[in-house]
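Next up: the structures, one after another.
Across the two complexes that follow, chain A remains constant while its partner is chain B and subsequently chain C.
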Partner chain A sequence: MTVSSRISGDGKELIIAIDDRFDFSLHQLFRDAYTSITTQDLSYVLDLSKTEYMDSSALGMILLLKDHVQLYAGQLTISKPSDTVRKILEIAQFQRLMTIE
Partner chain B sequence: MRNLKKGLYASCLLCLLSLASYLVIADKAFFILLLSILFILLLSLAAQVHKIILQESMAEIGQGMSVVDDELIHSVIFELQQFINQEINIVEQELERTKKVVSDAVIGISDSFKHLQSLSEEQQYMIKILISHSGNAEEGKGVSLANFVTDSNKTLDDFVGVIINTSKQSLETMTYTDEMVSQFERIFKLLAQVEGLASQTNLLALNAAIEAARAGEAGRGFAVVANEVRSLSVGSTALNEDIRTEINKAKGIIANLRSSVEIMASADMTSTLEAKEQMSVMMSHVEKVNIQTANSVEELAVIAPKITQAVSLGVRSLQFEDLTRQSLESLQMNISSIHEISDVLATFNKDTNIDVHEQLLMLKSTCQNVYQATRKADESRSVLQLNMEEGEVDLF
Partner chain C sequence: MPRIQKIALVVDDSKMQCKLLSVLLKEEDYQVIIANDGASGVQMYIEHQPDLVLMDINMPIMDGFEATRRIKKLSGEGTLAPLIFITSMDSEQAFIDSVDAGGDSILVRPFTPKVFKAKIKAMQRISDLVDQVKGLQLEQQNDAELAEKMMSGVIEARNFALDKIGTIKKAATIFSGDIQLTALCPNGDIHVLLGDFTGHGLRASIGAIPVTDTFRAMTKKGFSILDIVAQLNRQMFTLLPGDLFFAACFACISEHEKSAYIFNAGLPDGYLFDVQGTIKQQFVSTHPPLGILPQLLADAQVEVVQVKPNDRLVFITDGIVEARNPAGDLFDFPRFEQAAIAGIIQKDLVNNVLRSLDDFCENCEQEDDISLVDVPCSGWQQIKVSNKVKIPEGFTEEDNYFTLAENSLPTWSYHLHLTGGLLKKVNPIPLVMNQINDLEGAGEHWQSLYTILTELFINALDHGVLGLNSSLKNSAEGFSQYFKERANRLDLLANEDHKVSEDFVGIALKYFPLPHGGKMVINIKDSGQGFDILDIFKDNSIAMNDGLKLSGRGVELVNQLCDTLDYQEQGTLVTASYIWHD
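Now for the complex of A and B:
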């Protein structure tokens, strides 16, 4: 149950990866992963490839991340969600707000 | 007869020859030969004549028989009349029976067709109502199932939106709470500093008390002041402790707040996911049912007029009864013609004394009259039927 974040080699991407459960317990770690980043025009990639469970607080966290990204004119992409997670994202109609790939 | 004539000429020639031979040749043998030939010839002629006579007498006997058979003619005609009468009666009975059967059957069929027609009209009316109803539903008037499902879907989406927003707001609240907690930590640090100050003040007061004691009587007043300062520092340490306790209580409350906010933020999405899936299944089902209903209604709309058409055709075809009846009636007419002839034959039978020839002539003329009348009737009838076939046929 961790959140790992790293900047890509070329410095244009911030990759945040979540483990199998994405819920309220991660909110502090998740927030810490991006609040200190204030670079303009940065691409944020949320890697959900390992995530199997996600509740509404995860959706709220993603929305807060989205607010942060917009504040610094960046791009948010959700990467490789599982089928269940993808369905939840679609119910929340996140595909209108960000790219899901 | 011709042979007889030739034979007679030949016998005359033979006579002349035998006379000549007797007078000129005087040959006895030759004369006898000629005479014998003559004899044989005459014999054969006699046989021929006998035959002819026999034939003639035979002819006479035949003429005599035709006269005798007047009675036979009477009896034959009587038999004929009886036979015709019997056959006519049977045919008439059968005709009547057929007429009755046909008309009964036609009445039954006609009734059932009329019933069928009214039923099909009723069905068509109901189909029209059905079509107009489904049309209304498509236009969105009133509450249709499809609208209901769409509305529910929208409500569910709104609900999901509310949940997510709540989560977001809760998380923001959480951030503020965390900031507040770290603020408390800073307050604790300040309190520690204040505590340090108090203990230093305490120490200073202690030193001051010692110095006052060393000064003796002169420092007595100062010793009182030092003691007061010391008790102030002890009081401030107690106050500090109270503040720490209160702030710790506040931290406990904040921990409660955190767990409450966590519950608020963390809604399990599984049930929502299931509801959403059920909704989409329901939606596709409703769509399928709608399409099916529309198709069925269309098909029914095509079939119903066809039924009406078929029924009309059946009703129209029932006019065969009319034609059959006409045919049967004309058959009855023909039978009555035969009846007339039979009646004449019956009179023929009664008057055995009247001349047969005369009666036969009478019979012949009657037959001719009846024949003419029948032919006329037949011609007019065929004209009538032709008109029937050409003319427009109305429903009855």
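Now for the complex of A and C:
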């Protein structure tokens, strides 16, 4: 499974982690990871520490996640991207749109 | 709709079997053809292209397995003609071998006519599905080809000065989500765009036409790069769904200013190379791709650099640096830069980069669109200065525009008074040019007027209202410092929004028609302290010889284009008149 998601012990965070390649083939899996979550004020963490490659459709998928997060007044953080992935996020200037740590 | 009768080919050395199967097939409305050995079976297949093949296994000359292998090899490209083995060899091995040879099914004797017909029906169903998929594929391919044709044939063929710009464009699917545009500004500057829509194929192409229309129309009307970027962003935000966006790099190259204005929203670094291939500057992405945010970020700014005539601007999309070789390594930036530099030295950047990319990828499947634009910083169309002094044949005394009475009345006049924050937000020149076009129609001669208005307005704003000293622009460091300071002071102006501002620029036009042309008198007044225009001219004539001077060229140019040019009220009021002939 290349997309995994879990709610943290205290129920305040939804952590979505992507392994290996983050591209259009994960479209449905990625959506499924959050669409049913409608809790208000939740923190969403997109864990990219194990993501080795990401393409521009993945950026689009992150934007859809961001729309969902905003709809339910949550917070979105991208966590620990590798250097390659960070570079792609920076070219798209995503740090201007969301928190990257 | 009645369909043409389907053909079934029966290959069996037993005449008895052939007859039996024929009867059953005819009951199912097939036209039946018969071969009695494998070899003639293959021959009949080639001649008649049947819709269904029934194959025996043990036959003289060529057995059923071999015949099947040959037939399947032949039918690889076309539609699926289901092939069923009919045999009395009821063994596991026979079943495995017939599938291996390319058979689609096997029917073991004895069987009842009902079972046989059910089998044929099932196979036909599969074959219909295959036809349907093939049809859809073809349709999709036609659509993609149409989109491709539209893109290259209609959109990009209308680009300005195609021969001067080097481009690489290799689409991953048949249609490329990448778009390359060039257009000529009214004052002779050139606008360049390299953009990349998310995704590939048709999905990536929906934005291409609106982007092209807006880019061309706004460039033609004289809007600045930042105006165009802001408009494209708004447009893409409304048009594109949430996960689609448009990463793009924009440039305005001004030959007479010897500068380039660059805006990179979401593409890899753009490059400025000198004639030796040295990287003079890189332009990093400073803004998210267009179509994500409803408006540009407040601090969105174009980067301004000075350029030499032999410099080149090169923009790339991520497809180049993310191309992979069979080992999975990325082509990446160092390899690209090396290839580009070598290419510049050999005076063929495009082919050098292409070769290097091909060598590296070794026919690996291309995952993303690959595109590049290579734009020289000079050699663009020169502004026509001549139309002001050209006296047409048949020139008569009554045409003598120099005798135009001082007190004659204009047919129309136009005033625009911009204050405070509006000076940052609004570019008045396209507004003014629109008025002129509406009142007097479009025409070549307005190009010079556009240049005059732009230069005089910028002077009034920069040196008047903002109090910037143009001598700053004489050095390379000062040049960028000048534009940084300009942006800061404009921000201060913008913050004055809430109160009535004392800062202003006023533009007034008066139009006097002439028998074979017209005269436009332009007044521009600003709220600044004024500046000594003579100093600028003096500086310029000294600097003319060394060719290094970066500032003041604007006024020089205006002086050449105008009939008269007067600075009054300590340089805070300028009056220019522009006369042309049809």
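Rule of thumb we're sticking to: the second predicted complex is superposed on the first by the 100 of 101 C-alpha atoms of A that agree within 3 Å, B and C clash if a C-alpha of one lies under 4 Å from a C-alpha of the other, contacts with A are read in each partner's own complex, and residues count from 1 in each chain.
Assume a residue touches a chain if its C-beta (ideal position, glycine included) is under 8 Å from a C-beta of that chain, and two chains touch if they have at least 3 such contacts.
Just so it is clear, the structure is predicted and the values come from calculations on it, not from any experiment.
J.: Please determine, from the superposition on chain A, whether chain B and chain C clash or fit.
T.: Clash: chain B and chain C overlap once superposed on chain A.
J.: Between chain B (first) and chain C (second), which does A:Leu64 come into contact with in this model arrangement: first, second, both, or neither?
T.: both
J.: On the A-aligned overlay, A:Thr39 touches which partner chain: chain B = first, chain C = second, or both, or neither?
T.: neither
J.: After the superposition on A, what does A:Ser4 contact: first (chain B), second (chain C), both or neither?
T.: In the superposition, A:Ser4 touches no partner, neither chain B nor chain C.
J.: So in the superposed three-chain picture, is A:Gln28 touching just chain B, just chain C, both, or none of them (first/second/both/neither)?
T.: The answer is first: A:Gln28 touches chain B but not chain C.
J.: May I ask you to decide whether A:Asp55 touches chain B, chain C, both, or neither, giving the answer as first, second, both or neither?
T.: both
J.: Applying the touch criterion given at the start, work out whether A:Arg96 contacts chain B, chain C, both or neither, answering first, second, both or neither.
T.: Once the two structures are laid over each other on A, A:Arg96 reaches chain C alone.
J.: Hey, which part of chain C ends up inside chain B in the overlay, 238-246, 382-390, 436-444 or 526-534?
T.: 238-246
J.: Which chain A residues come up in both lists, the one for chain B and the one for chain C?
T.: Touching chain B and chain C on chain A: residues 24, 55-57, 59-61, 63-64, 88, 91-93.
J.: Touching chain A in the complex: which residues of chain B?
T.: That would be residues 157, 160-161, 163-172, 174-175, 178, 262, 265-269, 272-273, 276-277 of chain B.
J.: Quick one: in the complex, what on chain A touches chain B?
T.: 23-24, 27-28, 31, 54-57, 59-61, 63-64, 84, 87-88, 91-93
J.: Along chain A, where are the residues that touch chain C in the complex?
T.: 24, 55-57, 59-61, 63-64, 67, 88, 90-94, 96-97
J.: In their shared complex, at which residues does chain C touch chain A?
T.: For chain C paired with chain A, touching residues are 196, 198-199, 242-245, 247, 265-268, 284-289, 292-293, 297, 318, 322, 367-368.
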